[in-house]
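Questions regarding the structure given below will be posed in turn.
In order of appearance the chains are A, B and C, and numbering begins at 1 in each one.
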Amino acid sequence: MSAFKRIMPVLGLALILGLAPAMASLAGARYLLTQMTMSIYYALATVGLCLLMGYAGQISMGHAGFMAIGGYTSSVLTTCNLIGHAQMPAFSLLERSGVLFRTVSADGVSPAVCVAPWAAFLAAIILTIAIALLIGMPVLRLKGHYLAMATMGFGIIVHRMVIGFRALGEADGISGVPAFPVLPGAAISGVISDRLSNYLLAAAALVAGVWLLQNLVHSRAGRALRAIRGSEEAAEASGVDTDRYKLMTFVLSAVFAAAAGSFLAHYNGGIGPSEAGVMKSVRAVALVALGGMANLWGTLFSSLILNFLSLRGVFQSYDDAVFGAILIAAMVFAPHGRIPFFTANAAARAWRRLTGRRGRGGDARD
Amino acid sequence: MDLSLLLEYVFAGVAYGGIYAVVAIGFNIIYNATDVINFAQGEFVMLGGMTAVSLHSALPLPLAILGAVALTMLVGAAIEICLIRRLESPSVLRMIIITIGVSILIREAALHLWGDGVRALPHFTGSEIDSISLFNARFSPQVLWVLGTCGLVVGGLTIFFRLTPAGRKMRACAANRTAARLCGIDTRNLVTLSFAISAGIGALAGCVLSPITQTQYDMGTGLAIKGFTVAVLGGLGSSMGAVFAGMALGLCESFSICVLPAAFKDVISIVLMLGVLFVKPSGLLGARSGPG
Amino acid sequence: MPGIDKAKTAPILRAMGLSRSFGGLHALQDVSLDVPRGCIKGVIGPNGAGKTTLFNLISGSLKPDSGTVCFEERPIQGMKPSRIAAQGISRTFQNIKLFHGMTALENVLVGRHRLGRAGFFGGMLNLPAAGRDERMLLDRAREAIAFIGIEDVAQREVSGLSFGHQRAVELARAIASDPVLLLLDEPAAGLNMKETSDMGALVRKIRDRGVTVLMVEHDMSLVMGICDDITVLNQGRKIFEGAPDAVQRSAEVIRVYLGEVNAEDSQP
C-alpha cells in the first residue's frame, strides 16, 4: 500500500476528530468535550490492546493494570512532596535540570517540591516497559485460558496494590495532580477554559498513536504478528521469532495504555482505584472484539463511541452489562471477528457504490 | 503462636480450602467435557447463595438449598444450550471471551435483582455464636458442613462417573471426544449435562459458604481465580488433586494473616497461580493440557 | 583444495542417534540420517513410524531426548525453530498450516520474513529503509508465487482456497525464504494423480534451483520416481536406507509394507 493511501485514513480521522468540537459547539453542547476527551484517551489504550489481541492473537485481561501503572506513577510523582530530601546532593542537580519543580502543597501555603510532569511521564513509561518485560516474558509462553487467567491475575494484583498501599491513596486514590505542559502554551489539565485545547491535544495524541500502529500493522513486523495469530508453529518455522515479537507487542501495547493512563490522570487531576479494576480490562477486550479483532479502525471507532456513551451515562446502571453483552454478541455472531458494519472493506464497498466507481480488484483488502 | 490459635487458623483454612476445591471441581467437569475454562464458574457460586437466601424467606432451609441448586443448574444448562452449542469448532479465545461475557451478565443481573448488599443464609446448625471446641480452639459447626459437602461432592461425582451410564459416557467423552462421538455417544447433551452439574455443585458450594463469608453479587471473580489456581495446582481434570490443592491454598491464605496485611490475602492465590504457570507453562498436568 | 572439496561432499544435514518419546511411546529411537547436498531424499514408513517426529526434531518444533542434528556441520538441535529457519531450513506441514485471515501473497511474504530487515520501529515510523525493504520482499514473494504457478490466487484469502491451492501456497511460502534445505511432509497427500505428478515435477524443479530436499511421502510412485535416496522408518527405528530400486528389493521393507498393504486392503 502506498504511503499516500496509508496516510489517508489517518488524515480522515484527524478531520473527524477536528470537526467534532465544532459540531458540538454548533449544537450548543460544548460540555460534551470533556467526555469526548476522556473517551479519546481510553481509545488510545484500547488500540494498543487491539495490536496485541487482535493482530498478534494474545489475549490480555490485565490491560487496565498498565493504564493504572501509567496513571499512578505520574500521579504519585507529581504530587509527592520531596522537600524533606532537599539536603540531598542530587536534589539541587535534579532541580536545576528541571526534573523537580517547586509548588505549594495541598494546604495552599507550605512549599512543596514535586517531580515535573514530563519527568514523571518518562518514569511512568520506563516503569511500564520494565514491568511489561518482566511479566511478559513468562506470561507470553502461556496460551489460551492460561494466558487469560495469568494476565487477569496481574491486573488484579495491580488493583489490590493500588487499594492496599497508603502511598497510592488506598480507596481514595490520588488527587491534586498538576497540569502537564506538553507543548508551549498547551497543557493537559482539567481547567474548564482549556477544554478545547485539551481536546485537541488528546485528539493529536490519538491520531499520532493510530498513525504509528497503522504503519506497524502494514509492515513486515505487523505481518509477522498476524502470522503468529494464524499459526504460531508455522510462523516460527518461517523464521519469525515469535517470543520476541509477542514480547515487543506486549510492551508496546502496555506503553500505549500507560501513556493514556498518565494523560488521563493529568486531565482528570487525579486517579482512583477503579481505573485498575478488572472490569476496565474486560471493557477493553470487549471493544477490541466488537471492533472486529484484527481491525484497528473498528476498534478505534467502537472504543470512541462506546466509551463516550458510557461516560455520558447513557447505559445508566447497565453499563457493565452492556459490555458483557457486547462480548457475547461479538463472539457468537461474528465468528472470525468480522463485524461487517465496521470493516474497512464494507466501508470501501459502500464508498464505491456511493460514487459508482469500481476500484482495482486487489486493493480492496487493505 | 499457641496451639489453639494455630488450630483455629487450620479450621478456617480447611473450610475455605473445601470451597475452593469444589469450585475447582466445577472447572474440571466443564474442562473435561469441552476443553474450556468456564470463567463464569465463580458466578454459579454467587448465584446459588443468593437464590437460596431468597428462597429461604418462603421455604425451609433444605428446600431452599435444593431449589437454589436446581435453578442454578438450569442456568448452567441454559448457557450451554443458548451460547456454547451454537458454535462450531470455536477457538479457545472465543470461548474464553464468551464465558467472561456470561459471567458479567450474571453478575449484573444479580446486582439488579438483589442489590449490592451482603446477604447470608443462617448457619445450618446452631447459630453464629455456637462453636465446637477442640483443644481450646473454637470453630463454627459450619466448617463441618463445608467439609461434609466437599466430601459429598467428591464421593458423589466418583460414583456418578464410575457407575452411571451418563457418567461413563462423560468419561469417554473426556478421554477422546471424537472417538466417543463415533461410538454413537451424543456428546452435545453430555456437554449440557456437564454445565448443569458444574453449576449445581457451584451453587451447593455457594450455599454452605454463605453463612461463613456471606454472599455478595461480585464475589464470583475472586472465587473463580482461586478455583482456577486450585484446579491448575491439582492438575486440571483431577478431583482428588483439587481437594489437596484446595486445602493447601486455604491453609496458605489462613496463615498469611501472620505475615501479610489482610488486604493482600487474595494476592496469595494469584501469585501461587502465576508461579505454577510460569514454572510449568502447560499447567501441572502436562500432556492433556499441553500447548495448543 | 581439499577443504572446499570436503565441504562439497559433506552431507548438508547429518542427524545422529535421534530419539524422542511421548510418555511411554518411543516415537523415534536412535535414528541417524545423512542428507547429501543437492539431492532429493525420501523418508517413508507406515503410519506412526515417526516420520513427522523426525521432521519436527530437525526443524526444532520438538526437542530430541538425545542425539544431535548438524546442519552445514554446525549443531542445531535445541535451537528455537525460528533460528533454525534463519539458517536456511524451511518446511511444510503434513496438516497444512497456513496463516488464515491473510492472503496467499501475505502468507508467502511471511515466508520471506527471515530475509527482511525492517524491524518494529522502522515499520512503525514507516522509514524509507523499511519501504525499500518491503518492496524487495514483495518482488521476491511474487517470484516465488510465479515459480509455483499460483498467481491467480495470490490476492485471495487462504482459508477460501481449494486444498490443492493451499498446499501450493504452503510450498510457495517455504521456498520464498530461499532455503538451503527444504523439508516436505507429505506434499502429495490428498492430491489426485495429475496433481501428484505435477508436484513431483515441481519438487524436481526446486531441487534444480540448488535446494536440497528431504521429503516424507506415502505415494510410492512419486517417491520412487524422484528420490535419489530413501530412508525407511518403522516403529521409530530406521530399518533400511538406499537407492529406490534397492528399497524395492529389500525383504525387510517389503515385509513391513506388505503388512501395511494388507491392512489397507482389508479396509473398504
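Operating definition for what follows: a contact is a pair of C-beta atoms (placed from the backbone, for glycine too) under 8 Å apart; a residue touches a chain by one contact, two chains touch by 3 or more.
All of these numbers come straight from a predicted model, not from anything done at the bench.
If touching chains are joined by edges, the resulting network of the protein chains shown is an open path. Averaging the CA coordinates per chain and comparing them to the mean over all protein CA atoms picks out A as nearest. For this pair, subunit B with subunit C, the centres built from the Cα atoms lie 47 Å apart. We define each chain's centre as the mean of its Cα atoms; on that basis subunit A and subunit C are separated by 42 Å. With each centre defined as the average position of its C-alpha atoms, the distance from subunit A to subunit B rounds to 34 Å. Annotation for subunit A: no residues touch two or more other chains. Of all residues in subunit A, only 57, 59, 61, 138-139, 141-146, 148-150, 152-154, 156-157, 160, 163-164, 278-279, 282, 285-286, 289, 317-318, 320-321, 323-328, 330-332, 335 touch subunit B in the complex they form.
By the touch criterion given at the top, residues 3, 6, 212-213, 215-216, 218-224, 226-227, 229-231, 233-243, 248, 252, 294, 336, 361-362, 365 of subunit A touch subunit C in their complex. The touching residues of subunit C, when paired with subunit A in their complex, are 59-61, 80-83, 85-86, 90-91, 93, 97-103, 106-107, 109-111, 113-114, 116, 118-120, 122-126, 130-131, 133-134, 137, 155, 173, 177. Of all residues in subunit B, only 36-37, 39, 83, 86-87, 90, 92-94, 96-98, 100-105, 107-109, 111-112, 221, 225, 228, 232, 261, 263-264, 266-267, 270-271, 273-274, 277-278, 281-283, 291-292 touch subunit A in the complex they form.
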